[in-house]
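So that we are looking at the same thing, I have put the structure below in structure tokens.
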Amino acid sequence: MSEAEEQIEWARTHMPVLSGLSSELSAKKVFAECRIGICLHVEPKTAVLCSVLRAAGAEVAITGSPGTTQDGVADALRAGGIAVYGRRADGTREHQHNIDSVVGHAPGVLLDNGADLAAAVASSGTPVSGGTEETTTGANRLREELAGTVSYPVIVINDSPLKAIVENQHGVGQTIVEGFMRTTNLLIPRRRFTVVGFGWCGRGIARYLRQFGGDVVVVERDEVRALEAALEGFHVRELEHALADTRVLITVTGRPGVVRREHLDTLPDGAILANAGHFSWEIELGDLSRTPVRDGIERLDLPGEKRLYLLTRGEMLNLAGGGGNPIETMDLGLSLQALSLARVASGGEGLTVGPQPVPDDINRDVARRMLSALQTPVSSPR
Amino acid sequence: MSEAEEQIEWARTHMPVLSGLSSELSAKKVFAECRIGICLHVEPKTAVLCSVLRAAGAEVAITGSPGTTQDGVADALRAGGIAVYGRRADGTREHQHNIDSVVGHAPGVLLDNGADLAAAVASSGTPVSGGTEETTTGANRLREELAGTVSYPVIVINDSPLKAIVENQHGVGQTIVEGFMRTTNLLIPRRRFTVVGFGWCGRGIARYLRQFGGDVVVVERDEVRALEAALEGFHVRELEHALADTRVLITVTGRPGVVRREHLDTLPDGAILANAGHFSWEIELGDLSRTPVRDGIERLDLPGEKRLYLLTRGEMLNLAGGGGNPIETMDLGLSLQALSLARVASGGEGLTVGPQPVPDDINRDVARRMLSALQTPVSSPR
Amino acid sequence: MSEAEEQIEWARTHMPVLSGLSSELSAKKVFAECRIGICLHVEPKTAVLCSVLRAAGAEVAITGSPGTTQDGVADALRAGGIAVYGRRADGTREHQHNIDSVVGHAPGVLLDNGADLAAAVASSGTPVSGGTEETTTGANRLREELAGTVSYPVIVINDSPLKAIVENQHGVGQTIVEGFMRTTNLLIPRRRFTVVGFGWCGRGIARYLRQFGGDVVVVERDEVRALEAALEGFHVRELEHALADTRVLITVTGRPGVVRREHLDTLPDGAILANAGHFSWEIELGDLSRTPVRDGIERLDLPGEKRLYLLTRGEMLNLAGGGGNPIETMDLGLSLQALSLARVASGGEGLTVGPQPVPDDINRDVARRMLSALQTPVSSPR
Amino acid sequence: MSEAEEQIEWARTHMPVLSGLSSELSAKKVFAECRIGICLHVEPKTAVLCSVLRAAGAEVAITGSPGTTQDGVADALRAGGIAVYGRRADGTREHQHNIDSVVGHAPGVLLDNGADLAAAVASSGTPVSGGTEETTTGANRLREELAGTVSYPVIVINDSPLKAIVENQHGVGQTIVEGFMRTTNLLIPRRRFTVVGFGWCGRGIARYLRQFGGDVVVVERDEVRALEAALEGFHVRELEHALADTRVLITVTGRPGVVRREHLDTLPDGAILANAGHFSWEIELGDLSRTPVRDGIERLDLPGEKRLYLLTRGEMLNLAGGGGNPIETMDLGLSLQALSLARVASGGEGLTVGPQPVPDDINRDVARRMLSALQTPVSSPR
């Protein structure tokens, strides 16, 4: 096996839900005579999805996103009879060309990412029977910019409640702890962390930091969530009152400018700043200069010889300072994709036109499969 | 500042105990007219120790170990008036030459690592008033191979009870969790881990894995420790009975051949093997071939198409798959070094000839300082 | 102070939210010229509420429920100028008479419990401007049996989301652990508990048992909740597959007949049964005879000399085997009562006719107050 | 069965180690022709031990301690052929008479409690081949007051390291949480507890309180233990600095006068005091008057209308406010008793004259049995 094939094989082994689905979908040839056009990062985990679709009878054409395509994986997919467009070196212009190439296959079903395929299909007039959209951003684009052009059902994967549970609460919580340790080489016990935001992600982060002995303060404006945090044993404070004792400040609110220059002035010398929210805008540095200190750490010099440290440029600490989405969250999301595509391909019973949530029965089916996979040894000998 | 100087400064900031000691030792010029010869990895954290000794009046000559010297750090130390021998490219032969160069400074006090300096001093007849030894291996060498040649007190740092608490229990426990996640990109919840050994390291690993939701089985032959594990809520099993349900097997016993080929045959397909003990010998693979899968992961192919996965070649998962010793454990060990050297330099009151444990009052002093550092913001503005 | 007055004073001290509200309501004389009719257990905690209402200007008449009135508390209330009807020895007939006596005061505002006052008011035609209802049962009675007779707003306290958080998750969770230990004199570590139901109460119970080292299996039919349980690290099983290894079985589903005779036949000898759901019907014993063993424990003799043990007759273990609702949950509920009554008394802005949830701003206000109380010493010297 | 017989049967069922030993000891008739004299509380759990000894061939005579004998249990033992002296109503004088009656049976082996039997045997000159002593107090009496009079081996049960693990750390830790909840009817989350002492008991208490969401401060004078506490994530403070924020103060140091009047003056109004150490002397109240508030709670009135609350008169909260020693700790202690008596009765191989620790092999044997019992359903159908 090539290196890429090894990596795909390893991903397959550790994505028990998706690989478990494969034999069922293949047995029924669910995608027989179905052409699926895909826009999704080309890497080992998505490669498993492609091969599952292919084994279940689909004709598959895929393009990745600019700059992330793993060329070895692309080659492995091509060897398996899948049309792959694009390479790592591509820029925005090549990306649009790749999208057009996928649409050129006249796909009846789309797996979209940011609504790029939907936009191309709307321009070209290619007839489509339905599809899925990976992101909330793409769903918004369908509802706004592309409103009126989508005459087929689109299942939006990212809004599944399973993602809040698996990815936001547990995935983000555990990988932020890992990312902090990896980036800083520091231990957690007794360190005073201030976590700003007690939504799904925030409570995961706060809980896992505390499980490692961290002294966690929660900042949360919603009174009921704040009470929940206190009853779980956390200190709850106003941001202004928490800063002076904070050694590590983590933002995860989804709102811009949560931490601003005036807050930085109150933090003690040596405090560390990190963000776990989707955008880096949660921490506003103003005109502070940044000096690289070591991989993933920059020093901010404030008046009075005060030094603060910013992790991974304020980008999501678990992704920028870690190994990407944990494989379990990918197994979940790609399994939701596979079953949603199968629903569309088999006539889309119960679906309506336009963007819509993952059908409840698919959520329950994937939850049941993931539960089963979590509790058993990976697999019996093949 | 150069990149190396930035890294040294960052280490200093996050080693509050050692840097806190600096002003006290400097005020008293504890090492005035004292020549200290050092054998220790030349990297940012040890550089902080060197500068602390220097600021307190010592004349310092240091050499690293073959292959680990960071040349930029060496340059920064030289700029600070410290004699540094060796460079990254050095091999064993150059190392011996570097040792001799350090001894050529006629040091009155030694900071030794593996008893290399003690051996050279014994050969050369350089008069020495005392020193420290970092490792248990070095202490054993002093007691055996070099017995009779050591006429001065040597404080053995590694045997301090503080290391069992800070490094073995908490440091290893947390960094093994980090190393597992970093290497595999997998989450912990509900995964069945079997931890072989419930000593200081083992209980740290078992506890922290469980705090992340792992389903942890403990294997421990000592009946009293096994009962302790059970009362903390762990499953306790014989290794033979634990294997069939194990998804991740972690050895941390200090004994060779704990896991052997017959055990591998009982593990389920897809199981992961890792070691947290000092030597990789705990897992014996026999003649199984290893195929690299991704960074830090090798596949072992067993009969019947069974695949097992070995992490970081069976070497310590937290070090080989992570970022080295956490900075807190270095702060602890180097602070013990600084105070032990000061004890020797100031006449060695209460010390005896030959290897001996860290004096109780030094352990208590460092414990008190570390406690204080753990609970306060890093430092107030300088 | 009399013994009852001591108890009332102690309750007041440990109900910081309600007693904190008192000065605010009194300063504004919120209930000036308002007659409030109350049906609620007459005991120290409700006595604090009565005195708060009285201090804020209300004329108060109260009756308890049959058999629960604490006569000393009733006397203390009477001494404070409150009309109290009923005594401990009362039966159902006297209770109806007491209800009529309260209604005879022509209350403009009602604090009702099971809609007893509402029914009496409907019969007598007493004009009422609004009120509160403590229970869901009372709310259902208002919607069904009394539909059409209620021409005023009724705020239903029990449906507040704060109760799910404070009482169901944390209150029930902690007091079930206490009740189990109190009743059985057994420790938790390593004991295999099977918790049937992973709703708000069930997850509280499962989490707190595990925090004490219990080996907890969760049984839950809803796939998404079951996945949540697994990701929190619990074993998840079908009831049928969990029974044979169960040492303690706890039901908390809200459904009748969850555990039936065929399940008892599968439990091992010596297993313990308990219920934490509202009704004892969750465990059906059929015709098994019960032999008292010690306080709160009965033995069930099954064929084959198998013995099972039933705690507190299958009634809610935390209440029947413990000290009643924890004071924090009473502080919460009675504070919601006080502010809801104040809303009604001050004109009921924003309220509609008939039963309705606690207004969102009142929930937030109480959450904020409770959060503040949880985090500070009880009170400063008066 | 009588009520007492039911209780004995229930104890037997939940003391798997001791009842498991019974068949082994009986099969070998380990105590054939052996007369055992016992001084131990006469209650259901010790009754199980008596019946185990009897079934293994011993002739048994027992007396309890003044005021604790359960007469029904005594009757049940008598019905089983055991000589029981004393009744609940007995005072000190009758106790001495009962001791003499037991010694009158000319026992060759003693199970002693406070060295009462040893003293009587020393006076009477009864020949004894060996025995056990339950308490440390009794062991001290053997070493001091009775030094020179003991010509036989005495195994001191209370010093077994298993007791530190099972009883001190886990038993005391869990039952203090239970006792606090039972006595106060309060919840744990977010409440600020200050635990004075981080020995075996103290760390159990601190850990279990935190597992219930308590905000725990540890006060500990030993620097190394204090560092351990901090690394486990606890706040560590000087007592003087902890008091002003303390809502519940728990002493568990083994030293008198740990908390004195000047400390009480610093506590906030409403703070609660409790003791988990063996003697109530840890909290010194001086001349403060105590007013009963409710069962197990007294109010202390300080100047400035400050009120403090003392739980269970400062006696061990878990015992005085709870249900006595948890059955697992009794199972452990009585199993150590049974095997130690068997060692003495079978010739006392390896034992020396006078008080001595439990032999290591007996500790390991009991640890192994308890481990096994903790992990399996109580028993299979008889």
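Per-chain numbering from 1; labels A, B, C and D assigned in written order.
Simple rule for what comes next: a residue touches a chain if its C-beta (ideal position, glycine included) is under 8 Å from a C-beta of that chain, and two chains touch if they have at least 3 such contacts.
Not measured: the values here are computed from a predicted model.
K.L.:
Can you name the chain that lies farthest from chain C, using the mean of each chain's Cα atoms as its centre?
P.N.:
If we average the C-alpha coordinates per chain, B ends up farthest from chain C.
K.L.:
Pick out whichever of the two, B-C or C-D, is joined by more C-beta pairs in contact.
P.N.:
Of the two interfaces, C-D and B-C, more C-beta pairs touch across C-D.
K.L.:
Go ahead and note the Å separation of the Cα centroids belonging to chain A and chain C.
P.N.:
Centre-to-centre distance between chain A and chain C: 42 Å.
K.L.:
Mind checking the centre-to-centre distance between chain C and chain D? Centres are C-alpha means, answer in whole Å.
P.N.:
Chain centroid spacing, chain C to chain D, equals 36 Å.
K.L.:
So, what's the distance in Å between the C-alpha centres of chain C and chain B?
P.N.:
The computed centroid separation for chain B versus chain C comes out at 55 Å.
K.L.:
For chain A, give me the residues that contact two or more of the other chains.
P.N.:
Residues 170, 189-190, 212-213, 230-231, 235, 374-375.
K.L.:
How about chain C: which of its residues touch chain B in the complex?
P.N.:
189-190, 210, 213-215, 230-235
K.L.:
Which residues of chain C touch chain D in their complex?
P.N.:
Where chain C meets chain D, its residues are 3, 6-7, 9-10, 13-14, 170-171, 174-175, 177-178, 181-182, 184-192, 208, 211-213, 244-247, 268-271, 291-294, 297, 299, 304-307, 309, 322-324, 326-328, 374-375, 377-382.
K.L.:
For the complex, give me every residue of chain C touching chain A.
P.N.:
161-162, 165-166, 169-170, 223-224, 226-228, 230-231, 235-236, 363-365, 367-368, 370-371, 374-375
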